[in-house]
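Alright, structures below, take your time with them.
In the two assemblies presented below, subunit A is common to both, partnered first by subunit B and then by subunit C.
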Partner chain A sequence: MTVTISRVYLLDVANNTIQEAELWDAITEKHLADWEAEWMPELFKATQKLHRANVERRLWPQSRHWDWRRKASVLNGMLGNPGFSIVCGGLTQGMMIVDSSMKRCRIPSQKGRDLVYVEFIENAPWNRRELLFDPPRYRGIGTVLIRAAIELSKAEDFKGRIGLHSLPQANSFYANTCGMVDFGVDANHEGLRYFEMTPEHAEAFIAKGTSP
Partner chain B sequence: MKVEITRDWCLKMAMLEGDSEIGAGLVAIDPVFEGNPMVTGSSDDRSVAFGRFVRLMRRNHGLSIEKLADDAAVDVAELVSIEDDTHHKPEVRTVYQLANFFKVPRPNLMQLAGLTIQHNNRLNDEAARFAARSDPVVALTEEERAALEAFVAVLSEQS
Partner chain C sequence: MTTAKKTMTLNLTDAEMRVLDELCAKKDLNKTAVLRQALKLYQTVETRLDRGDRLFFEDEKTKEKAEVMML
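And then the complex of A and B:
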């Protein structure tokens, strides 16, 4: 498998500086090792902190059971399920797995057309303020990964169409920052809200980062 | 895939993103991949292979979903579910009709669709290989066509 690494940038929150990072169009053993050895212990400690602070269980990280090694082992071999990862400061900062072959648009104007469906996307624990990392280490992982999904969609001739089921605490990011259409609760997907982006929304999202 | 993103774009979007949570995907304990995902020929492989098989065969025949539904006398909504939803359990009648239409042995297609207990291990292995090789996008590539033809040959073997 050929892996391409693109240069991207993240905001180092503590120093308020921009840091060079790598966007990989794959999830490799190095990224999975980071998840196991670096993410998991921090996620465990963060959950413990939330518990000790009497934070309700429903507000604990909803992805705490995710097993990226398992996801990657199942999906990485599929041509239609590429993975992406971001590395900065020598560590994996975010991962995403998409499906570019099996899902279709729900927006009436695009109904039935192919899209890139984001199966899973997650930030490293130390980049998440909701896990009581204050300040978080890096910002920008979500927007870079969504931009990567849009670019893949364009490369597949899907014109930037993407879709995903958001975790409840991320609804605002997908509705407001990304400008995706909120289809409301999807009873067939654990009650998660389904969001979708048309080619026009994709261009508007990209334009947000270029407008003065 | 090379992605060109400027430093300014990343900086501006990082500031817009702020401390937002970004998680997406099913919440439960990896519900999509229950069981042992590394076993070749698992039901996941089969259901993916069945959906992709139907889609590629349809495209190879140059048919829309509606036309295939008409020609094979199956429900259009179920055809959409078969192609798009790997968790969809197809109706026996639909698989029967599709086997007749695509001229492949009904028992093998029933097994691929997960409606019968496996008795053909080679079919399971080939289904896993086919699911990994096929990538139904716009037009059938030479590689997809070759993968489809190789799989149809295995599927057509009488067990």
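And then the complex of A and C:
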């Protein structure tokens, strides 16, 4: 398998400086090892902090149950399910798996057309303010990954159409930062809100730039 | 982020080309994209069947299910 690595930029929040990072169009053993050895202990500690701060369980990160090694293994070699990862400062800062073959648009003007569906997307725990990492280490990971999904959509001739079900903590990011259409709660998908981006929304998102 | 691609020549009958054209118009995709989608879908179905899964179509209104028998 050929892996392409592109240069992207993240904001180092503490130093208020722009850091060079790598966007990989794959999830490799190095990224999974980072998830296992670096993310998981931090995620566990963050959940413990939320519990001790009497934060309701429904507000704990739902992704704490995600097993990226299993996901990557099941989808390994599937043409319709590529993975992406971002590395900065020697560590994996975010990962994403998409589905580019099985999902269709719901927006009436695009109904039935193919899109890139973001199946799983996660930021490293130390980049997440909602996990009480304040300040977070890097900003811009979600933006870079959504831009990668849009670029894949364009490469597949889907014209930038993407869709996803959002975890509650990310609703505002997809609605406001990404400018996606909010379809509200999807009763068939664990009560998560469904968001979709048209080709026009994708162009607007790109025009805004991906600077963190 | 671009991946290197290889070119191939594809021979289709008039009927096959007509279906391809119709799908391109319906899905707002070029011919290459439709064929790549077909390949992804074919791989997904084969992988799931190899895993022991079964393929069904469900009528949205009646909820009646019909299994697609892949022999």
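In this section, the second predicted complex is superposed on the first by the 209 of 212 C-alpha atoms of A that agree within 3 Å, B and C clash if a C-alpha of one lies under 4 Å from a C-alpha of the other, contacts with A are read in each partner's own complex, and residues count from 1 in each chain.
Please note the rule applied: contacts are C-beta pairs under 8 Å (C-beta built on N, C-alpha and C of every residue); 3 or more make two chains touch, one makes a residue touch a chain.
Every value quoted in this text rests on a predicted model; they were computed, and no experiment measured them.
When the two structures are superposed on subunit A, do subunit B and subunit C clash or fit side by side?
clash
Mind working out whether A:E151 is in touch with subunit B, subunit C, both or neither, as first, second, both or neither?
both
Kindly classify A:R113 by the partners it touches after superposition: subunit B alone (first), subunit C alone (second), both, or neither?
Second partner only.
Given the touch rule stated above, what does A:K159 touch, subunit B (first), subunit C (second), both, or neither?
After superposition on chain A, A:K159 lies in contact with subunit C alone.
Name the contact category of A:G90: first (subunit B only), second (subunit C only), both, or neither.
neither
Going by the contact rule set out at the top, does A:G209 touch subunit B (first), subunit C (second), both, or neither?
first
One more residue to check, A:E130. First (subunit B), second (subunit C), both or neither?
A:E130 sits against subunit B, while subunit C stays out of touch.
Quick one: is A:G184 in contact with subunit B, with subunit C, with both, or with neither? Answer first, second, both or neither.
Neither partner.
Would you mind checking which one, subunit B or subunit C, touches more residues on subunit A?
Of subunit B and subunit C, the partner in contact with more residues of subunit A is B.
When the two structures are overlaid on chain A, which partner does A:S172 contact: first (subunit B), second (subunit C), both, or neither?
first
Report, in rising order, the residues of subunit A that make contact with subunit B in one complex and with subunit C in the other.
On subunit A, the residues that contact subunit B in one structure and subunit C in the other are 4, 6, 23, 25, 78-80, 100-102, 114, 148, 151-152, 155-157.
Quick one: in the complex, what on subunit C touches subunit A?
1-4, 26-30, 32-33, 36-37, 39-41, 43-44, 47
Subunit C touches which residues of subunit A in the complex?
So the residues of subunit A in touch with subunit C come to 2, 4, 6, 23, 25, 78-80, 100-102, 112-114, 148, 151-152, 155-159.
Which part of subunit A faces subunit B closely enough to touch in the complex?
Against subunit B, the touching part of subunit A is residues 4, 6, 8-11, 18, 23, 25, 61-63, 65-67, 70-71, 73-74, 77-80, 82, 94, 100-104, 114, 118-123, 128-130, 136, 139-145, 147-148, 151-152, 155-157, 164-167, 169-170, 172-174, 177, 189-190, 192, 206, 208-210.
Sort out for me which residues of subunit B touch subunit A in the complex.
1-31, 33, 37-38, 44, 48, 51-52, 80, 83-86, 131-138
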